[in-house]
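One chain, chain A, links the two complexes that follow: it is found with chain B in the first and with chain C in the second.
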Partner chain A sequence: MSTERLTVRKTYKLYIGGAFPRSESGRSYVINDGQGGFLANASRASRKDVRDGVTAARKAFPGWSARTPYNRGQILYRVAEMLEGRRAQFVAELRDTGLGKNAATEEVDEAIDRWVWYAGWADKLAAVLGSANPVAGPFFNLSTPEPTGVVGVIAPDSPLLGLVSVIAPAIISGNTCVVVASEPAPLPAITLAEVLATSDLPGGVVNLLTGHRAELAPWLASHLDVNALDLAGASADLTVECERAAAENLKRVLRPAESDWTADPGLTRMKAFLETKTIWHPIGL
Partner chain B sequence: MVPTFTLPQLPGVDQVGAEERAARLATRSIKTTAKAQAIDLAITMVDLTTLEGADTPGKVRALCAKAAHPGGDAPRVAAVCVYPDLVATAVRALHGTGIGVASVATAFPSGRAPLEAKLIDTRLAVEDGATEIDMVIDRGAFLSGDLQKVYDEIVAIKSECRQAHLKVILETGELVTYDNVRKASWLAMLAGADFIKTSTGKVSPAATLPVTLVMLEAVRDFRAEQGRQVGVKAAGGIRTAKDAIRYLVLVNETAGPDWLTPQWFRLGASSLLNDLLMQRQKLSTGAYSGPDYVTLD
Partner chain C sequence: MFEYAPAPESRDIVHIRPSYGLFIDGEFTDAKETIKTIDPATEEVLAEVGSAGPEEVDLAVRAARTAFETVWGPMPGRERAKYLYRIARIIQERSRELAVLESLDNGKPIRESRDVDLPLVAAHFFYYAGWADKLAHAGYGTKPLGVAGQVIPWNFPLLMLAWKIAPALATGNTVVLKPAETTPLTALVFADICRQADLPPGVVNIITGAGETGRLLVSHDGIDKVAFTGSTEVGRQIARSVAGTSKRLTLELGGKAANVVFDDAPLDQAVEGIVNGIFFNQGQVCCAGSRLLVQEPVAEEVLARLRTRMATLRVGDPLDKNTDIGAINSAVQLQRIRDLSEVGEQEGAERWAPPCELPEKGFWFPPTVFTGVSQAHRIAREEIFGPVLSVLTFRTPEEAIEKANNTPYGLSAGVWSEKGSRILWAAQRLRAGVVWANTFNTFDPASPFGGYQESGFGREGGRHGLEAYLEH
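Up next, the complex of A and B:
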């Protein structure tokens, strides 16, 4: 018996509605490692994959946003547990992108910690961002944060830490999202999708596409069923184009500002995808 | 006295062939201007349908308003399809629009009622102003081989319809084989049907492409042999513009372009219209539309 095994290589596909389909277009593009050698083929999504992703995200929105914040926090924590279990795999994948062993390990650890940090915010957002307002009349006046809806995310090039730093704040409050992963380093995003698929996160809450940003982002920005847009990974030109398209139905747009993903994220990203509902309730009835 | 009925010798349906051909035609690519035309044509062929136990006059009026003004410069639909007791409401709401009012009748969807009840059901709907009657055949009688009973019933209902068009629902999901679909199609046409319709929408599977293919072949062959043109209505489970366009391709390639008008081909649907309108918006604005930009059903 031969001791030589056949190599079993992974097919990197998209993640839409909880399933892993190939791109509708059948296209792929070559991903190189740090030295410029061939690493793998990734799916090159088309505008129809964007549309399918938005449809899946819209379908998942009512269920995900109706869950209790506590439950969402638990599910996100479960994701962190799964991330931890695949730590070695993520380190290896980050090293393939050209990072050294220490740098890769550090980034994976920070990404998991970031995810846990956001998971903890689930049941605290309403207390911190909501308020009981004093009004001149016999009313309770309460403001509560509510999810915006479907968020389109152009993920930054930081292949794991940047990616989790844009996904977690969008979904923790009950939004669902369609994410265009880093163009040069999309493979950790698909591995992250495998984590999401196996950790009680309902299908469609996160939809991950790989491909060319300049090709996909404008379709996401102009889609009338997308409610908000995170342009973290968009170039200056692409940002202008996307903002113009997003103006059509007044999407909330988060423009690229920070680039240091290791810094304390604060509440900015979570706040960006919340709307505040204020209710008046008569006192004494 | 109804004459004794004999079904002509019909060749069997090649099941694999029918399914392969339907699947092949479904891959036909319809884009840009052809797609825009197909979408508008599909809208004019829609029988906008509401057949729920919870239907109210208000819901029917809203549906009629949508049928007459689907949104933007979209064309009107062909007809509104309701239960018999809501026909009068729909007739009032659609007065002057030129849109037909179709009513299901004959103990829809099961058809399990005495003939007298079915006749009265039909007569009352016609008297209320229904321009089209969608009857169901007695599948129990058909499957037990009593074709004469099915035939007699269609003839009797047809005479109750007077000027109203008669659509005969075969409920293909319960007929089991394509051979039965072909037989039932011919039986209905010989009995005087103006349209043959795939399904009630209450049984799964409802309309499928191969079943519609078999029915389209039947109306084509029937015209060639008997000289009378009969329409086809596909109903149930057609929800997306893509599905609708597949049916249009099937009509064109099977029965021929003569059938490619609302007079001879209909799509029975409710949520389909919204998807057609969203696709229409996508074509005119270049951006994907969403359910927020069409009316709720």
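Up next, the complex of A and C:
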């Protein structure tokens, strides 16, 4: 007599400081597949989880931003290698969200290639965005890009390509981030977290929260230890609310724009989370 | 101490009219309401200027829009460039007049307005003139935003105007600019310079007024871009007011810069740098080195030399060519400096100022240093915007960086050491938009300027300064 094997299901938790805790609130919400059938319960993060994420991101910032750009590029490339290894899993998860096989495969491939593209930028940004400034005096004068700090990211609904397209540009330059994943399709984000956790990316560089955007985003936007906000996945109303809250400590805000995530991303998202530092020194004997 | 005979710069070169209108669409138009601007060194009224209300702000924005759509936007970059070159040249030609007027209206020493402000103003226009037909090579696209609403402070009235108008015009935008309430006069002469240069009407509009005029401007629906230099508090309000709009925003706000002196610093140069860092322009500088962090082994010696040097600073008539420290710009600002200095004493810091005679009329504050300051003291945390230095000490380089970065601001920082690797080590770790190593308060149109954190965002100057005015 043979019995059908019972599947071992995954518990989808949050990703904070390199660990996978449940929401401290003990809450979860139901994630359905494309047909409306039950897929999983995802953690429904709370204000406290946001704050824990920011603490972890702040703690990780000095170390991550002090890595050599070469090292950051290597780690991000390693992430792409791990993504490639889990290609089939991501395709399956995207199909669960309602995508057809070809569309799901294309999105996964595009996401991996996007990640590789950003990985290569680590040691090129300063050359492209910096400058040696010809000032009218005996001074050495150099401008270089530096990471802004902790970036709060409201990820778009494109569950994998959109997600990697907002995370990679934030962290490649040395920022750390707290990400609120797509509300209806958060499961690929947690699988991505599993990839990040096994790719030499230091804990805390990326912190992933699942839950209700309208509940979480304002806490990120008003948190005084967050330096910048990417509102890619925020609705119009939520954008206004977050932008107002962000004014309190003058966060850099990247407003949502019509986004075709398959299009060439350009430098916009990386530039949005960079500061320019200019160093002067006299020249003389 | 040497005795100096008075050496006043002649003010005959300046002809101040009793009243000025608003400069809208190439014409001076009388405003419905007016305000007075005074000489802060004598408290005499210099002139009456317009105070633009809603209708006048609207007229100015409309004029700028029309000029953008019909003339300035479509104009080839090389033609725009030539207008900017013309303006730069006329500024050079009229530089003494502008310098004297700046000192009269602002209170800054003529030595600074003549040798720092005015040369930089002309250089800024000259620099951005050259970009106008080279935007395709700058990396930020070539499409202007439209109409820029710009609000500037009173500490460097004409220089801040140049920082705002030159890049905006070079990139094909038109502007409505509001100078500060207490220092409108050089901006109004600039309006005349625009006419002398035959700049098409509406490309530059100058509307004078107080805070309410600025608020009307930045919240006007007809502008595409807001550029503000001023206090962090007003910066926050502006950031809130543009939330939910498509307006682009750059802010250059306050600071509380650390000037870090290591024990191997060239002390004579460092003392000059400390003095320049905090007493330049009466300390009314957003990037002023207002927190001196000095390494313990040299702290006593640095302070002794600093006090000796401070005793030679000459406070008084801004138009006297020997004056080092002029008048504080307004009674309001003077009160703020006094209040915070009193708080410094109440909180336990030790106050010292050299003996100096201050004129009876006008707004004056002697160069002042506070020692025994802790990081928790308000004078170590808040921007005083006056000639008041707070001195803290440190033992290790790591401690210096931690203290230097322990601020919500991040506009500038200074570092003094003879050791190259230590300079670069510190410069890398200081979280500030401008790091002056073995120098302080140097500026150049080719060099980007702007802050981290609550010192604002965006850069002015250099190739980076174009970004704020282009669609990309």
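A few remarks follow.
By definition in this document, the second predicted complex is superposed on the first by the 279 of 285 C-alpha atoms of A that agree within 3 Å, B and C clash if a C-alpha of one lies under 4 Å from a C-alpha of the other, contacts with A are read in each partner's own complex, and residues count from 1 in each chain.
In the analysis below, contacts are C-beta pairs under 8 Å (C-beta built on N, C-alpha and C of every residue); 3 or more make two chains touch, one makes a residue touch a chain.
On a predicted model such as this, the values are computed, not experimentally measured, just so you know.
When the two complexes are overlaid on chain A, chain B and chain C sit side by side with no clash. Number of chain A residues touched is higher for C, counting chain B against chain C. Within the superposed three-chain model, A:Gly26 lies out of touch with both chain B and chain C [touch as defined at top]. In the superposed model, A:Pro134 makes contact with chain C only, not with chain B.
Of the two partner chains placed around the shared chain by superposition, chain C is the only one that A:Glu275 touches, whereas chain B remains out of contact.
By the touch criterion defined above, A:Gly36 lies against neither chain B nor chain C after alignment on the C-alpha atoms of chain A.
The superposition of the two structures on chain A yields an angle of 80 degrees at the Cα centre of chain A, opening toward chain B and chain C, reported in steps of 10. Contacts of A:Arg252 after superposition on the shared chain: chain C is touched, whereas chain B is not. When both complexes are overlaid on chain A, the residue A:Arg244 reaches chain C alone and has no touch with chain B. For the pair chain B and chain C, the minimum alpha-carbon spacing after aligning on chain A is 5 Å.
Under the contact criterion defined above, the residues of chain A that touch both chain B in one complex and chain C in the other are 248. The touching residues of chain A, counted against chain B in their complex, run 50-51, 54, 58, 219, 222-226, 245, 248. Interface of chain B with chain A (complex): residues 281, 286-293. Within the complex formed with chain A, the chain C residues making contact are 123, 139, 232, 235-237, 239-240, 242-244, 251, 253, 408, 410, 423, 427, 432-439, 442, 444, 446-450, 452-454, 456-457, 459, 462-464, 472. Contact residues on chain A toward chain C in their complex (touch as defined above): 128, 131, 133-137, 139, 141, 143, 148-149, 227, 236, 239-240, 243-244, 246-250, 252, 268, 275-282.
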